[in-house]
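Chains: A, B, C and D, in written order; residue numbering restarts at 1 for each.
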């Protein structure tokens, strides 16, 4: 993984407040767990029916009955609980999930998120992503700032089918930390050695700049 | 990572409940009723509460103390047969009472806890309980929309809890509690036994900790929890 | 309890088929349990969250956490299970209750049942009765044939608020066993030393008689 | 009274499933998938099935055997990401696929199991998943009616069962199984461990026996149940 990606993951981890219940989506978000210390008070949730997710286990130590929603073999910690899929999503929809971190194909300046379908190319189904995006109290996206072809993923409007409308609060990319505000995208922080001009060029929508210095991560 | 500690005192947990709050109370008869928490609600002189509970306990027990102390404006319940005082207050207009079919009360609370807006059912459709409820057609059948119920606070009794709020109930003391634990903004639990994190097998937890906000250990039970001599 | 009541309870018990899941309502139905042998395969359900109800316990042996919906202290048997109120009524509404036995204020010849409310006199709420009456696969009523004043409880139409419409399949009284048929009440059996004329007189609706002999119980 | 015995053989339990049946299958990935029962469905050459399952397992495992053998007409699911064969068959029109949001699939099955007609929700309301679904107003908010799902048969895997059909699941193998156990006319369970009546603590039962029709003991697991090396 690139150094910029590692730093975006570490930076995202710092947004997890003590006491939160958090769901980490597949991809970059999953890596955030490596930045949570052993004494940090947090509860990780996986939608296939577990709270209190512990470290991922290697093949030889894995329990065949214990995976996360991404299929990784995980372990319990003291205070873990298992439950059925209805209870798991009840937790999400009734507002008990303080934060979810998700990947994205596209994020729009109004907070719309598209991360489940590319018509004609990628249509495996939405899994639990719609409920996580629509109902977690806070939704943040971890993504590269542009796709592999260099096209911006932060846009004025999403072109792909939505996962949920107006759901995204903040975006962590390999270039910047950007908030979704009523006025649109607002730059909060810059990745080390990235310039405002570079972020503007890589963003497919207007970017509001803060007054004064911009912190780096 | 470790799981957060939610233990607190009864006094401070109950103190955060404002007058006028909607409060769900676990319990079906004696089992599962949080008698000590109810006493604390009375002691703190809460006013104007809407209480959601299967029943109003018996005269002189549990919910009846709230009624007698004038804490309750409105009661959403299924059956008041064992509390003549509650029926008298209802008939005298001293409290408002909304009756639900028992399984509908359970399901409406669960719907609130599951983040649903409503459920669609035919229970009571030919009775006065179904009168006035909005109708919809589903697959050619007529049914009624029953709205989800949520509360500001749920006050529950558990047999065992850990500091994160994982709960285990005993026998028929479970009843409405796991549903109410899902359906309230703030969930306060009194527990007979406070055990260490990890002492409850993850497969045996009835209410997972993320639904719970405050855990209060009650080292001793009052006589209200005991077997009732009839 | 009168001998006639005891015999109606014993007769009702014979309608429980091996393998059934059954809910016995408060009052006369509760007594049916005394007529089920120790090896008879049946599962009793109580709506406050238990299947596999065992014998009622005296004060000294009672478990403070274990009651049935009528408030009696009951015991578990090998294979009992406890569950929450939503699961309990899911069992009822989804058709897993083969039979419920209920009390009645009034039963109409179209199967309507009234057993929860006497306006102005008795309005404690319906409890779980509506779901039991509406959704159990088979609903039978155990009742005295007339009320204390001698007025018939089996009527052309109910006068009291309904518990459920058209739900009753069979009625066991201290005088007779009567089925609710598309044509109305049909006499099936007579209590010992009761005559057809007596039953007709005590019934507030037409009573269809069978061809041939009428069995007694 | 004693509780009825529901033990039977896999062959006879599966033989009662007709062609054209709607079949719910427990499991989220490997955990909870009834692999041996699925093999028996294939062996008995069932046709024209509608399968309801969270996912289609991976290529060469579980549901994929049903797809390859041509047993499936329609699949109601949430995600096929690990089964390229299922996606190919969907794109080629060889199977019909209905996608649900995962929590909605769970909740629609539970609604079927709870004897409800439908649930009212806003999940997916601004997406193509919500397009065409009937709308209703509840407390001034617009929401959608999602119909309850039921099946002819549910085929489930339990870690432990007693002869009456009380079930305990292990860890995340629980997932959809307790919901499906409520939502099918006939519920068939394969269990790793068949224990005596009374061996499961009543407080620890995940699915109460009355929901279950047939219990099949599988003394040995196939390799499909094992940890997958990735």
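The working rule: a residue touches a chain if its C-beta (ideal position, glycine included) is under 8 Å from a C-beta of that chain, and two chains touch if they have at least 3 such contacts.
Each chain and its UniProt protein: A, C = CoA-transferase subunit beta; B, D = CoA transferase subunit A.
If you're wondering where the values come from, they're calculated on a predicted model, not measured in any experiment.
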item: Count of contact steps on the shortest path from chain B to chain D; value: 1
item: Identity of the chain that, by mean CA position, is farthest from chain D; value: C
item: Cα-centroid distance, chain A relative to chain D, in whole angstrom; value: 29
item: Approximate Å spacing (C-alpha centroids) for the pair chain C, chain D; value: 35
item: Residues of chain C touching at least two other chains; value: 50, 76, 82-83, 86, 89, 92-93, 135
item: Multi-chain contact residues (two or more partners), chain D; value: 107, 110, 114-116, 121-122, 170-171, 202-203, 206
item: Pairs of chains in contact (touch as defined earlier), listed by label; value: A-B, A-D, B-C, B-D, C-D
item: In the complex, chain D residues that touch chain A; value: 28-32, 54, 77-82, 87, 97, 99, 101-107, 109-110, 121-124, 126-129, 159, 170-179, 206, 225-230
item: Chain B residues within the chain A interface of the complex; value: 1-5, 110, 112-116, 162-164, 166, 182-183, 196-198, 200, 202-203, 205, 208-211
item: Residues of chain B touching chain D in the complex; value: 107, 111, 114-122, 134, 136, 138-139, 141, 143, 145, 147, 168-171, 202-204, 206
item: Residues of chain C that touch chain D when the two form their complex; value: 18-19, 21, 33, 36-45, 50-52, 54, 76-83, 86-87, 89-97, 135
item: Partner chain B, residues of chain C touching it in the complex; value: 46-50, 59, 62-69, 71, 73, 76, 82-86, 88-89, 92-93, 123-131, 134-135, 161-166
